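Below: one structure, written as structure tokens.
Think of it as A, B, C and D in the order they're written, each chain with its own count starting at 1.
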Amino acid sequence: MPSNPLALTLCGVALNNPVIAASGTFGFGHEYAQIMDVSRLGAICGKGLTLSGSAGNRGMRVYETPSGMLNSIGLENPGVKHFVEHEASYMRTLGPAVIANLGGHCEEDYLEGARLLNGADIDILELNISCPNVKAGGMAFGMLPDTAADITKKVKAISKHPVMVKLSPNAPDLVAVARACEHAGADALSLVNTFLGMAIDVKKKRAVFENVYAGLSGPAILPIALRMVHQVAHAVQIPVVGMGGITSAEDALKFLMAGAVAVQVGTMTFANPNAMLAIIDGLADYCTSEGLQNLQEIVGII
Amino acid sequence: MAEVIQNEPIANGIYRMVVSGAPLGRAGQFHMLRMPGTLDPLLGRPISICEADAKTGETTFVYQTVGRGTAQFARLLPGQEIEAQGAYGNGFPLIAGNAVLIGGGIGTAPMLQLAKELRADAPSRRIDVYLGFREEAYLEEAFTRYADSVTLNIGGYVVSDVNFSRKATFYACGPSPMLRAAVIAAEQANASLFVSLEKHMACGVGACLGCTCQTTNGRKRVCKDGPVFDYREVQDAI
Amino acid sequence: MPSNPLALTLCGVALNNPVIAASGTFGFGHEYAQIMDVSRLGAICGKGLTLSGSAGNRGMRVYETPSGMLNSIGLENPGVKHFVEHEASYMRTLGPAVIANLGGHCEEDYLEGARLLNGADIDILELNISCPNVKAGGMAFGMLPDTAADITKKVKAISKHPVMVKLSPNAPDLVAVARACEHAGADALSLVNTFLGMAIDVKKKRAVFENVYAGLSGPAILPIALRMVHQVAHAVQIPVVGMGGITSAEDALKFLMAGAVAVQVGTMTFANPNAMLAIIDGLADYCTSEGLQNLQEIVGII
Amino acid sequence: MAEVIQNEPIANGIYRMVVSGAPLGRAGQFHMLRMPGTLDPLLGRPISICEADAKTGETTFVYQTVGRGTAQFARLLPGQEIEAQGAYGNGFPLIAGNAVLIGGGIGTAPMLQLAKELRADAPSRRIDVYLGFREEAYLEEAFTRYADSVTLNIGGYVVSDVNFSRKATFYACGPSPMLRAAVIAAEQANASLFVSLEKHMACGVGACLGCTCQTTNGRKRVCKDGPVFDYREVQDAI
């Protein structure tokens, strides 16, 4: 039997393919499991968790922009404990590797969250230091190399799971943050989280979002995200998971060629729930037509 | 991918589109409709099922052109394709006994399929329909197929036409001010009322948490846990 | 006669309306003058100039992305001298205020360019320290507050024209750069120039652009550009001219409400040469329907 | 805004679209075509005038579906709108005397209007047309209306069919390898040859400098100074 050309190992975890449902766009898998074959995904990244859960932000939360969307969900989530007790084991039943996405408002939140997650059957902890939609903490940890490295080191010291740090495209010096996280012991990096953007309701003469700014995602950001993944992948030795606006196998290939070992897909799933499955099929076709033993051969060729 | 069978204006800025190939749903559910081959508009537009015909496999939508997405729908001609993901949402419960349906403006659309299902469910029940429009009525003819009475209100407050002390289940869909009026009336009369809510949506399936609201039973997603709610649960969210 | 509700004064220059053709998207006016009524524009900003001119970059130069485009023109231009001798006086005949956009590869280029421009009949000098497509100089001057302030101060000392500094959205700390330019004497600020992005030709397995990275513009970037204009306009006292993906009067109003006194329109003109005229009409209608004496009343209301 | 009158496949992946309401242009000029109501695709697609009929005011385009933009064009039905900005570019010069027209693949399209104009310009001149296709010919019938001869080459090298030593003006449009072959042949025979070039374009009017190329007379813009050039001027740019 020929081996699976899409297979890869990420942080010591075997994935059937490099297509991962992005955090915050796939719940904990329940909803899409009802309408598509989620077992075919490489991995599923759960909604961003905070220690004690949150009702998220008030007011408008999603707003479409040209080929993109702004969101200000504000990490609405049931809390780490609920996740550990109810969601992690459900996610395990789905088949794909299980990634927990951990946010926080302060250092203690992160550390206690990581501690609790040690009790969950997950494969990777994605450390979200890049959420632009929470007032305290969130993105603040991911803006500077020092704070990013500090929280990475502390979470690494606590977590028994591999830690993938999710970076913010809003960091003044993204490459420096990436390098700092690598030195602090991160097992992998994922990027990009959403770009800080703004929407104005001209009729009402006010900002659309209560927080004024919100996070931009979707195809609109792909060219910038791709450049950032290229920069970061060329600056670090640890694996990089790329994302930002991916809609098709061709888009996924761009991120792989730029240096990402795997990709995450978020917003496009909203537009077309089957987009990730089409991407997986397209990547398999690509391996066949290019005669690749394994798709990883093209990682970082540009 | 669904195919447009028919797509024509039925009132000023209001279109009726019949498609085939969309998964069939029921009253109160909706589809996320999207133009294929473009990333702008990017997200699907939630549009209620106005009629779903199991025999022909056709689904009818009635929509108002308010922005870019719906303007694009209005340009479609028969034979062209449209993406229809669904049917999503919980739909209206069919409660035994008489029914009063209240539709305001484009909120009239989901009421038609509801009337149809209620009639099929119990041919003998009484179905009274109250429709309110700002200027021009539409769809009112179609209701006469299923309803015992259809009362029109143009330019006024449709809720004030309705007697909430009657023994019946009340169903309402329409703009927020109308729903709020219905809620107040239902509360005073201690009536049973189901409302269909609207929120801006991204995924339509309950995954993005873009459309959550506070209910008496915790936070719920309008797209997945709704859009139909017992009004007592979502009074603060209307 | 009722006064023109769209009129404004920018750097002491009277503009008939706040809609300005963005640099690099309108040549020196010749081409669009043949197909539209350019006299109705508020101002025209000429193609970015360098001291001795340039043939621009090799290879692919424009590439479409979802609701946007990447360009790697690389400041192809006939040089400042040619501009002073031939283009400035032509631009003057068109009617709108005349803005010269000056780029450079090193400090001497900028200063000599500014000196030569003193001999041209222009209204405003737009100091372009934000072009991402030239290898030496260009954006480098606009990345840090110190270098941006330094070149601003020196150009201000030489130029007899008001100086509007054009900022880069790629600056690590855009607000700090803006403030530094203000303190260095800039008469106005314009933003944003293009975002550094990347495109990959999957078939050819190589970057689309010879420079690998290129500049992203168009509707895709609007939410980020709007946020940046909002941030900068609230941080400085001098006038801010906003741009980035504007396609309609509604978009222009967003930038004005966010704090810009005027807007520039670039990429959308390519898609629809009459877009700026439609924007001007839409802004006039807005003043009528809102009963505004002058559109400037809504500047910065958010 | 132009209106689609007709839009149908004439070969595998090749469509012929007739529109009314596009500003009329001439042979070798092009329009920037764009779907209305969306920002993706954002930029117009340069498509040559295949026929322009001053009497009916109709313009015909023949296009190949290669990517997202042209795929969207292929979905248009009669009665729908398309944005057609133009006519842009310089067009082919009508040089007195005999003419030889060489079209490769979709490069055949602009040659039809050229044949028509050359014929109208001098009913007595000789017009010989050479068309090359990889697999399937199209439009060849239409040329017989204007040309004295139409030579087809399917799967081979159309340029090798042409005798460049003849006394005539040569016009060529097609893929780069074909144009390069034509240039070499014309040079050897010292023939007069005009070529239509292709470059990715953003504005189409000469403002963005996205399509410039190095010529013997300095840098030129393919969209504005071309797309038609004397081959001697642009030999290095093909």
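Everything that follows uses one rule, which is that contacts are C-beta pairs under 8 Å (C-beta built on N, C-alpha and C of every residue); 3 or more make two chains touch, one makes a residue touch a chain.
Model, not experiment: these values are computed from the prediction.
**Student:** Show which chains lie in contact with chain A and also with chain C.
**Tutor:** For chain A paired with chain C, the chains in contact with each are B, D, in label order.
**Student:** How many angstrom lie between the CA centroids of chain B and chain D, rounded to a whole number?
**Tutor:** That pair's centroid distance is 51 Å.
**Student:** Could you work out how far the Cα centre of chain A sits from that of chain D, in whole Å?
**Tutor:** Here the centre of chain D sits 47 Å away from the centre of chain A.
**Student:** Counting only Cα atoms for the centres, state how far chain C is from chain D in Å.
**Tutor:** Taking the mean C-alpha position of each chain, the two centres sit 35 Å apart.
**Student:** Could you list the positions in chain A whose residues touch two or more of the other chains?
**Tutor:** 66-68, 218-219, 247
**Student:** Could you pull out the residues of chain B that touch at least 2 other chains?
**Tutor:** Answer for chain B, listing residues that touch two or more other chains: 39-41.
**Student:** Classify the inter-chain contact topology: is it line, ring, star, complete, or other?
**Tutor:** Contact map by chain: complete.
**Student:** Along chain B, where are the residues that touch chain C in the complex?
**Tutor:** Its residues touching chain C are 39-40.
**Student:** With touch defined as at the start, can you tell me which chain A residues reach chain B in the complex?
**Tutor:** The touching residues are 24-27, 30-32, 34-35, 47, 55-56, 60-64, 66-69, 71, 73, 76, 218-219, 247, 267, 269-273.
**Student:** Quick one: in the complex, what on chain A touches chain C?
**Tutor:** Checking each residue of chain A against chain C gives 65-68, 70, 172-173, 195-200, 202, 205-207, 212-213, 216, 218-224, 226-227, 230, 245, 247, 250, 253-254, 257-258, 298, 301-302.
**Student:** If we count contacts the way the header does, which residues on chain C are in touch with chain B in the complex?
**Tutor:** 66-67, 219
**Student:** Applying the document's contact rule, which stretches of chain D touch chain C when the two form their complex?
**Tutor:** 34, 39-44, 83, 85, 200-212, 214, 219, 224
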